[in-house]
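We call the chains A, B, C and D, going by the order they appear; numbering starts again at 1 in every chain.
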Amino acid sequence: MTQAATAAEPRTLAPPGRRLARVTANDALGAYRLISAHDREGPLEPRPGQFYMLAAAERWGGGADERPYLPRAFSYARARRADRGALLEFLLEAVGPGTERLGSLDPGDELALVGPLGVGFRQPEVGTRPLLVGGGIGTAPLVCLADELGAPRVLLGFRSGAHAEAARLFERPSLATDDGSVGRRALVTELLAETLQDEDLPAEGLATTVYACGPPPMLEAVRTICAERGVPAQLALESGMACGFGACFGCVVATRDGYVRLCLDGPVLEADRLQAVPE
Amino acid sequence: MTQAATAAEPRTLAPPGRRLARVTANDALGAYRLISAHDREGPLEPRPGQFYMLAAAERWGGGADERPYLPRAFSYARARRADRGALLEFLLEAVGPGTERLGSLDPGDELALVGPLGVGFRQPEVGTRPLLVGGGIGTAPLVCLADELGAPRVLLGFRSGAHAEAARLFERPSLATDDGSVGRRALVTELLAETLQDEDLPAEGLATTVYACGPPPMLEAVRTICAERGVPAQLALESGMACGFGACFGCVVATRDGYVRLCLDGPVLEADRLQAVPE
Amino acid sequence: MSWQLAAGGWQSGFELCGVPLRGPVLNGSGTFDAIAARRAFGDALLEQFPFDAFVSKTITVEPRDGNPPPRLWETPAGMINSIGLPNRGLEGFLAHDLPQLVELPVPLVVSVMGFSVDELARLLSGVGERAEVAMMELNFSCPNVETGLVMGAEPEETEAAVDRLRPLTEKPLIVKLTPNAVDPAGVAEAAERAGADAVSLVNTLKGMAFDPRTGRAWLGGVTGGLSGPAIGAVALEQVHAVAERVRIPVIGMGGIASGHDAREFLDAGAACVAVGTENFRDPAAGRRVAFELAEPQALPVRD
Amino acid sequence: MSWQLAAGGWQSGFELCGVPLRGPVLNGSGTFDAIAARRAFGDALLEQFPFDAFVSKTITVEPRDGNPPPRLWETPAGMINSIGLPNRGLEGFLAHDLPQLVELPVPLVVSVMGFSVDELARLLSGVGERAEVAMMELNFSCPNVETGLVMGAEPEETEAAVDRLRPLTEKPLIVKLTPNAVDPAGVAEAAERAGADAVSLVNTLKGMAFDPRTGRAWLGGVTGGLSGPAIGAVALEQVHAVAERVRIPVIGMGGIASGHDAREFLDAGAACVAVGTENFRDPAAGRRVAFELAEPQALPVRD
């Protein structure tokens, strides 16, 4: 339990308890919602790829099927220093009772939150240029990563034009949509394959480190493409979580060395730790 | 199960299911809230003393202790014909998670409702004048009763001036408050005793029929006072209810002939059916 | 016996233990009083009757007042009741309730409980011979009354009781299991061996609440039975375990509040479902559940 | 052993089985991993440690991977888990976990489970002799692993097991009961007779969920254990029944999320309480519960 043993991991420690943060804005961004909250007690600098467990402070539950009950995990999309504390931004896709309740919060309402949690993205391997690959709501953690890396190359894929609105959070991303309404009618992994193809490989190999987040089939394609080309990749995965801080052992993902708790050893995993992206 | 057997009871039948009614207003009335809802599918003329089971259509539950779950019983305070349907008014006192949630509804939100339920107040006994006695939130069912009886005598008691604001729903009531801030510093049952005292009893006895609703100790005092003087009284009681339509057998109150389901045989009971007002 | 969706409605020819039913949604015994509901809702209740068969509140040989109030406590996503089986007794039921229940537009199941096998025998023969009654349910599971627990908790006790009772009526016999058993599936197998035509489960789980102001038991009956969505997962596990081990139909219940919930019970192996506590929140819950089950678009798409 | 409020805090001299504790709030085994939490929260965790004694996740003789995912299902006011007791095994625990758990500012309780009494014996002697360990808890109740159920479901089995295990350690022995028993109080009495120093309850209730898209079991382990506020009423009933029948202290748990809930368990006869699932919603839940218990103004006034 020495601090040193884990000092190397890109993790900002969280305060050891749930706290409240006031919602300052909640706006539609195409098919998504962008929620800002003023976190007065948390750390100012979470690491890109880390996440927070969120719940509405009031009326979390009591929906048609009497859920949600547990908090929900969300990557932060951006964090800025604000007057006393940090302003956190979350990008949300409504897929069920938890995301619907959060999406209905009004400015002034309070979020209950724990975080930042998990291990974020690691630095690009020495001598490589980062390449960010995002699919759908998986673009969320890439927003702050792009800010930190300073305008890296970004490839984004979306279902539709309404979803592609989220691309506005990035500078000059390359875009693909399933229906071709915005950008290329293609899968973002096709863009990835082409980009890596076009690349002039330096003698030593490694020209690029890929950072990817998106739905499991996309991540699996990213993993395969990168593995075939020997390109290092860091994948931000998802799994069902109850706690987010290693307490419940519920979020495990199978790696080459057995199950790991995604909330503790992830959500960002080096692609070569995985035999395959689960699901 | 013949209709005739029960045709005499002051009961308007309810549609056999839960329906939605849109909240049209929710305003503070002193310490209480006055909530109006547009009931498009229910009957236009509930009987004074009947009640509705109410729940918020959304987020009913998920509070600090994961309640409410069941709907809550409320006397209607007033019902008016409205454009397509009835406008129902409820007077609420926030005492727990259910009343707090209902009190926080905004105009436009929806109420889930079943009703009208139960047996209302019966006509005054022949040759008597009605006298309404209300304590605190127990004034609610007396509002429509007073309207129906046409400006009867009304005695009201409240904890404080803020609560006594509810007296504004009546024409010229006699008022008592515990702290004397409005009206007499007295218990409403003292006003009752004095009123009955002052009365010129006609030869045959019966000058007054008392209609009372309020907290159990008040109702018990009303019962005793009326019993001593042989004055007929109808008491609107409360008990914990799960269903409101006789399904659960949970709301029983002990009468001289054993337990009765208050939601089915009440909530208005003739005082002489009771040995004592429970609680 | 198997239940399947026909386009837009129930498969015609659906039946439970040989009794034709218009659909698979019953009520849980003691959670809907059709006589009281008719007082509240009038004849509209009959026109829009929420269930495909009606199960009476459990009756006993002698009339019972039930437990002293308070009888209800609300819990997270559920409630505890200590009603204590108030009922008019066998005579009262036959004289007062049965003539009214006959007016219902669906088959009638009468639930009975006895403090001894002899009492059960009297109830079975007294009620089972009436033509108005389609099926009998043996409540071996009420946690409020001592014997209920004992009879349904162990396979041997159950088998012995059903063995003796089975010959007393020609009506299909449903055995209602208690969830407060180590091995409900073993009890179900015992009931099947002894000739039960169906099993129903779950009854309420034993539960308790304390008055925050006094620190003493809140319920007049001290302990009570927990029901509602809170117990859904427990009910599903037991229904699944039972359905895997018996061939007779299983009537599944416990926390059903929607077609979605009902389908989980069918997935778990139930042939029919029953709606209990949700009736209290919505008197038309049974119809709503049936509708949602019959309209596949109301439910998540099956891959 | 009795617990009482002293003005503004715990009564000094409070203890459980002779081990001094600063207060009555433990964690439920398997619901807080202090080593993982220290990675997430750093040393602030130690400064604001949420519990008055720390109970380890249950360990077994051999290392275990646990069940395949998915392992979690959310239910109304609760959740089902099919974690399956992943742990490093006895050797791994002693070498890797114990040295880190020693740094916690509170007494350590180690929870053990065996697939046989022999395995339990090895665990008890292996861990019980370590000075760092204050107490041992025998998990007789894990519904995920066959033997756990059998050992804790019947009084005789429990008595025989505890009888053999009791002499193997001098440390206080807590027996954790399964709620999936007909008569948990009978099992508790058996444990007491055989020399247990305390009993803890409830463990999770057996539960199940179905994948709405496929109709098949959702959990990798097929069935799982239900926990959280949904089971509070069941837990209270069992704690009450047990506390009425044993003299050894009872550690009560099941759905505790607030000081108000905790006080219900004390009212039911518990000497200590444990917070489980609520830790997932708030890592500081233990501290919050303790605070609310100690501050009478946070709770309804007692008449």
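Just so it is clear, a contact is a pair of C-beta atoms (placed from the backbone, for glycine too) under 8 Å apart; a residue touches a chain by one contact, two chains touch by 3 or more.
What you are looking at is a predicted structure, and each value in this text was computed from that prediction instead of being measured.
The chains in contact with chain A as well as with chain B are C, D. Comparing mean CA positions across the assembly, the chain most remote from chain D is B. Averaging Cα coordinates per chain places chain B and chain D 48 Å apart. The centroid of the Cα atoms in chain A and the matching centroid in chain D are 34 Å apart.
Chain contacts: chain A has residues 61, 65-66, 68-69 touching two or more partner chains.
Multi-chain contact residues, meaning those touching two or more other chains, occur in chain D at positions 75-78, 228-229, 260. Interchain contacts join each chain to each other chain, per the touch definition above. The touching residues of chain D, counted against chain B in their complex, run 77, 229, 257-258, 260-261.
Across the complex, chain B is touched by residues 58-63, 66, 68-69, 101 of chain A.
The touching residues of chain A, when paired with chain C in their complex, are 64-66. Chain A contributes residues 1, 3, 6, 11, 13-18, 55, 61, 65-71, 112, 114, 117, 239-243, 245-254, 258-259, 261, 264, 278 to its touches with chain D in the complex. Within the complex formed with chain C, the chain D residues making contact are 73, 75-78, 80, 153-154, 180-182, 205-210, 212-217, 223, 226, 228-234, 236-238, 240, 255, 260, 263-264, 267-268, 299-303.
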